[in-house]
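This is the structure I have questions about; it appears just below.
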Amino acid sequence: MFIYACKRFGVAVLVAITVSLLSFSLIYLSGDPAMALAGESATSEDIENIRRVYGYDQPIMVQYVDWLSRVVQGDFGRSHYLKREVAEVIFERLPTTMLLGACALGFAILLSIPLGVLAAIRPNTIIDRLALTLAVVGQALPSFWFALILIFWLGITWRLLPITGTASWQNFIMPAVALGYYVTPAIMRLTRAGMLEVLSSDYIRTARAKGLKPATVLFKHALRNAIIPVVSLAAVQFGFMLGGSIVIETIFAINGLGFLAWETIQRGDLPTMQAIVLVLACFYIVLTFLADMLNAFLDPRIRVA
Amino acid sequence: MSAPNPTINGTLAGAPVVAQILEPSPGAILRRRIFGHVGLVLGGAFLVLIIAMALLAPFLAPHDPLDQELSRKLIPPIWHDSPKATWEHPLGTDLFGRDYFSRLIYGSQISLLIGFAAMLISGVIGTTLGVLAGYFGGRVDMVVNFIITTRLSMPVVLVALAVVSLIGNSLWIVIWVLGLLIWDRFAVVMRSSTQQMRNLDYVAAAQALGCSTFRIIVTEIMPNILNNLIVVATVEMAHAILLEAALSFLGLGVQPPAPSWGLMIAEGKGFMFFQPWLIGIPGAALFILILSINLLGDGVRDVTAPENQN
Amino acid sequence: MTSKLLKTIGLAAVMAIAGVNQAWAGKSNDTLVWTTDREQAVADPYYNNTRELVIMGHAVWDGLLFRDLDSGEFKPLLAKSYKWVDNLTLEFDLRDDVVFHDGSKFDADDVVYTVNHVSNKDNGVLTFQNVKWMKNAEKLGPYKVRIHLHEPFPAALAYLSNAVFMMPSGHYDGAPMKADGKKDFGAVKPVGTGPYKIVEVIAGDRINMERNESYLKNGPKGQPQIGKLVFRTIKEMNTQMAELLTGGIDWMWDVPKDQAESLEAQGAVTVENAKTMRVSYLAFDVDGDSGVKYFTDPRVRAAVAHAINRASITKNLVGPASVVIPSACHPDQFGCAQDVTKWDYDPAKAKKLLTEAGYPNGFEFDIYAYRQREYTEAVIGDLAEVGLKANLKFMQYRALRDLVWKGQTPINHMTWGSNSIPDVSAITSHFFSGGRDDPAKDPEVIKNLETADTSVDPEVRKRHYKEALEKISANLYWLPMFTYAKYYVYSKDLDFKTTSDEIPRFYTAKWK
Amino acid sequence: MADRILEVNNLTVDIPVPSGMLHAVQGVSFSVGRGETLCIVGESGCGKSLTSLAIMDLLPANASRTADKLEHDGVDILNIGENRMANIRGNTMGMIFQEPMTSLNPAYTISNQLEEALLRHKKVGRGEARERAVFLLEKVGITAASNRLRQYPHQLSGGLRQRVMIAMTLMCGPDLIIADEPTTALDVTIQAQILLLLAELQKEFHMGLILITHDLGVVARVADRVAVMYAGQLVEQGTATQVFENPTNPYTQGLLDCIPIPGKTARGAHLGSIPGIVPSLIGDLNGCRFADRCPYAKDECVAKDIEFRAAFEAGHSYRCVLSPEVCAKNAQRKLIA
Amino acid sequence: MTKTVIDVRDARQTFMISAGAFRGKRPLHAVNGVSITIDRGEVLGIVGESGCGKTTLAKMILGLLQPTGGDILLEGRPITELTRLEVARLLQPIFQDPYSSLNPRKSVGNIISLPLKVQKDPHPESWRERVEEKMALVGLAKRLYNLYPNQLSGGQRQRVAVARALVNRPQVVICDEPTSALDVSVQSQILNLLQDLRYQLNLTYILISHNLAVVEHIATRVAVMYLGRVVEEADTASLFERPQHPYTRALLESVLTPEPALGVPDTQLGAAYPNPVAPPSGCTFHPRCTQVMNHCSRIAPRPVATETGHVECHLYAADQGKERAIS
């Protein structure tokens, strides 16, 4: 297990470094990073100054190493627009987005896993068909459209839920649903497929031949094995949701990382943009790493290698 | 091992009951399954309709989709019992007095183009990587896996937005950015499918017959993973169309006055409380398009999957 | 059918408002929440030149003078009295009963500090136009100062009352250092003397303000009525409207005409269309800096001018308080001559001009815009009908302004609010005095403006402004489009007066 | 031997498939006594596995099972309902499957999987269950049993896993074990060991054993009694000696001709073979299932259903229109040819 | 024409098996120094438990795996100097599973004519005829030409595989468990077919099987493999009548023939086949051997010639152990 974890961790670090290289190179898409950084009121003198201060006159690899070494120390630079340390801004907003993502994932899991299990133990029944229909329909609904519909009904028409902000837990319901429903079909399908496969496996037949109670067979023997791929998928989907939070946070005026990202992109605030890409990517990497560890815990074939 | 009997395979003790039934040819089975699959037929039919709509747009559309006349703006669709509603504009007009029906028809061209082109680009990248990794394994696999993991860790929407905002936005830039970003699923699925095929004896047989690696991949492996490829292709096509809609919604997708459905939703979104059809109609069109693509994909998976039932 | 049903039910429900939750806005909480779609990271009127900060500038800070909107007359605010000593010197007696929000007393040192800080070009005030006319300030006594001008500047009082806010002395000294070694003045904690004080800035989300209980008595701004003032950023217009309808916010503006009319028809909120000092214009890349040479040809510019149906846009998209303008300024501004060359809507003529210029089939180019996308889209639609294919590049203001300054836009469709200063110098001189914004750098125009800006004789000014404006319109450096009219939508509980200068005075608002 | 631990009479399993009704098992009758080994042998698809699943009531949900009689230890288990059947499964009736690699749940330790059946069926504590698990693991020839208990299935080899499976089946002390191809997936050397173990345990615990296999060699060595199945039906039944020394049904005869027997079959000589393929079992079936492959088929073979009849010796019976004498002659002729 | 078709000289195949991040990879000697010659017209049976390396050996001979050591000579030329196509003209495989060895998307005709296509046979017009000829040879009706594998029975599929292997007239056919996936009644048909073809086409077979009865029936010579080495090799008759190596004996005892009187044999083989990554020292068979001696665990036996082949066992070269022990 320890060796597996180390190995997996090594890969994660490598991926993180590659991602950092990619997000670093984002800045070169804009042409002259110094000019972009200097902002609107800069004179050519200022730009030269920035070029020197940030080392844009250095070879790219030197710049990268320099940048990375600062990033590793938590210094993402300073946002010209926000007038603050980028790291400070990001870590101020990260919790909101994490909370939103967690709520959305929670919603998705609470909906999809029971549905998937139900569909799998009663294949080709009404429940199964309903679940599948939900999946097909769900995946065809653009999330921003769905979010607006939610606001219209739950927020305005029925006044059940507050629309914007993050003041109370109720504020998170609509955005979480709007963000989470899109991943529900994928998790549901995987749960269903996994359950179907596991339920037809030899060891389930063995368990039944032992005379175990159906609930024991289902939950102890089947679900545990069927859930293993779902864990990885959930981690991947959580990563997607952090990306998707851009749209949702914009609609629900939630002051999280997604909203910051969108603002950042619009105003071309490069250091912040880089930092957000990197932070989200690293978060994803950490998440998949944890998911693999959880899988290893669930699946002794990985754990006891 | 015996002839796989579709109904009971997998659920029984591994020994199918009927040893040998002379089955119809794969083509015949496929045809039978295709036409027996409601979702596939429905999805296919709708998709064909939408494609026809896109191809025949110049003949179908009653107006120029870009023809603007502010004096006839925001005419509601004919089913509204408003005095303004007219058969001249069956789906009404938008804020700029452009005929919504014509825009919808022309919009199918853009959505399909984006979906198809982005899917093609990502398909070529992902399939190449996936098949190579699956076939050669070892170091190649390691490298490809690493690339996939790296790609997966980049948040798609964010990177797409950032890139588009940095290098500018046009239809083709959006297509390329999406195409270069969403190949991961192709790679993952093709990799595992190829791995499965790779270990089958007929690949070894082809090697032993002296087939070149290229020939084996193209004629022995590809035909057998084609069904998975089609399934992923539909998923990614839908994904690309939805992503474009999201980018347009945020103002960084296709640029006006192009009648992309995503853009129409974006333009109509401000009116959702009072002129809901402006967002409802393109939203529904997008929904139906994605739904039919998904149904088609699901259908292809169902009818080609070995464990397929009914 | 569904959408109709949706609409009916939705509206019925909206009508039947009975405040369920959202306890933090509205009359019951004595909190006025107003919103725009723009995020405010910097709460300083010198280092953030957005409209939101202009509005907050008036609520949180005071200038030396105050302009009475009804009479147009300048009244002392932080000053007790003022007088022109000569063309280049203004002298003020200051009030001695004013305290800043942090408790320190206001005196001549603060004025000297503020004026000397902002008028120093190195300190990088964003709209330097507002302050560059001041040379420095001189303390004559604890409550007596003089402001020296570089040259005669007739609009000085207007700027002093609208754009020069007083900061406590030493205010910017503790600003943090930027990576390029300059101080980041926008990052200091905001302190003013105004009717409201800023208590919290959550970048990107909100700025919370509270009533300044010790605001100066008997000042021209009066006493603030509402206890709390909250500015919120909500990107989505729909979300804003949803919140307004459900009582989550009390005030919004920039509502598009059609939605505003629908809201008005429905009657749950107050809807008002008001004039603004903002004008819309198309600026051409006259000398081809952007690499796109089409617009160096006056015939092409004329074709564009004839192709755009400004009256229709005004009527159908902007609102009843909007008018088409012929010259590069707002009709309400001093010196804004209206009898200049006019360009009527005439697509046939536009096509003919294009053919003459050698583009019978039109051409393709990028059009840049940042505000009210639908207006620009309407322009694009009109251009399309004469065969010109304009690709919209829609950006944030600051990013676009950078491009404009670099001369990279073939056509930009922008707006200017003149900082609500009712004088042509605030717009025409800003754009056509040869600075970064000047598309033509026409020496004749520059000279006329210079003369007009520095003359104290109103007739001389009018004459020279007119000459400049005529040249601008005739040569189509700009195509002046129309004045903005703004739809304000606010809670029925709110007693609020719209103003024609696009600066809502929240300190005068109260609950009904 | 007298008391019958399992009696099956006229067992039929039907499965609906898209093209009709699949008659997978039809009219199968046999019985197993305590301490007796019954081998059901047949080629793939003959219905032998479904027969075993039918006895355990583990058929797929869409399959239907009927029988005139299905008694376990004198108790009717045909219509006792899922709950009471579950109390029997794994308790007095155990089952071993073909694939030792996939028949154990990869997520749980050996100890967990061994003990859960005991905890489910008997009122015992964890300590007791653990003791019995250790005892049985040692019994099935696994050394260092208490260490093995902590391991996961993937850490064991195929032979060891099959031993674990056997131990698992024995946990509650069953009086009947159904082993469905228990050694097919194993190497010949391991196969012999497992079979030997099964036989020993069966004698020691005096259990009934139903061994299902396609391997005639296994059948011959292990079985007390043999039941040969073809296309869903029993075609011959008798003691191992009876069936192997005097195969009477033409199919049984053909089958035995097909395998080379060292010492008996001439090296390199042509082997016997059965032409044709197994018939489809979908739809209405009449007459002898083997008719179209049978060298002795006559018109009457397809006309009516063929009944079981007695062979020369007691306890030996077969299904054919031909008399025992003719069959015996046929067998002779083939040996000569 | 030389007598020897295939000459395997000390062939080795070592796979690197990952054993954890910091332990690096460990070698698995799947084939650990096998020397064997196959003469024209011979049927060499290779037997052994799963994991003994018999399939790996076959793949090396087929050129599907590059040997990591030793040489394989085909008609006297090292396999490394031959192209894939040259090897294919000489050797063809028949695989165990007739379901996975045929491409499900190709028709029977396409499958059987693939070798002609690949070898760029100069007479495409004759392909169909030659394919049908081969189909007739293996007992497939012409009407099957356009069918797909899923429409065929297992036996028919294996016949297709045989036809494909034969269409280019190879000299050697390597049959890897050709009947173990088939039912007994079909197995005998395929075995008969293979026998017939051998004489008709003068083929040489390498027959890999765990079914000793089948091997005894068909093979002319048998090699017994254990943990990557051939521990005994002899004429079929000698091997089955006078097995030398204890492992061969155990294997033979394990064979269950349908003779009810004999009961289940007790082979006395220890439970487990050893982990090939960590093979036992000395003679790798010693932990399971009933006749193990002291030096067996220390010294690996060397091949000792027997009447018709060789055996690797200390029982037959008592001096070997001493000799090594001294030196």
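Labels for the chains are A, B, C, D and E, by order of writing; each one numbers its residues from 1.
We adopt the following convention: contacts are C-beta pairs under 8 Å (C-beta built on N, C-alpha and C of every residue); 3 or more make two chains touch, one makes a residue touch a chain.
All values reported here derive from a predicted model rather than from experimental measurement.
Set side by side, the interfaces B-E and D-E show unequal numbers of C-beta pairs in contact, with more at D-E.
Note: the chain lying farthest from chain E is C, by mean C-alpha position. If you average the Cα atoms of chain B and of chain D, the two centres end up 50 Å apart. Distance between chain C and chain D, defined via averaged C-alpha coordinates, is recorded as 90 Å. For the pair chain B and chain C, the distance between C-alpha centroids works out to 46 Å. With touch defined as above, residues shared between interfaces to two or more other chains in chain A number as follows: 148, 152, 156, 205, 250, 262, 266, 268.
Counting partner chains per residue, chain E shows two or more touched chains at residues 153, 183. Touching two or more other chains at once are residues 6, 10, 236, 238, 242, 245 of chain C. Here chain B touches chain C in the complex through residues 66-68, 70-71, 73-74, 79-80, 95-96, 98, 168-170, 251, 255-257, 267, 269-277, 280, going by the rule given at the top. Taken in their complex, chain D has these residues touching chain E: 43-44, 141-143, 157, 159-160, 163, 187-193, 195-196, 199, 214-223, 240-241, 244-245, 254-262, 265, 267-268, 270-274, 277.
Within the complex, the chain A residues that touch chain C are 38-41, 46, 49-50, 53-54, 77-78, 80-84, 89, 93, 148, 151-152, 155-159, 162-165, 167, 170, 250-253, 255, 259-260, 262-263, 266-268.
On the chain E side of its complex with chain D, the touching residues are 49-50, 153, 155, 183-185, 187-189, 191-192, 195, 210-214, 216-218, 236-237, 240, 250-251, 253-267, 269, 271-273.
Against chain D, in their complex, chain A makes its touches with residues 201-203, 205-213, 216, 220-221, 224-225, 298-301, 304.
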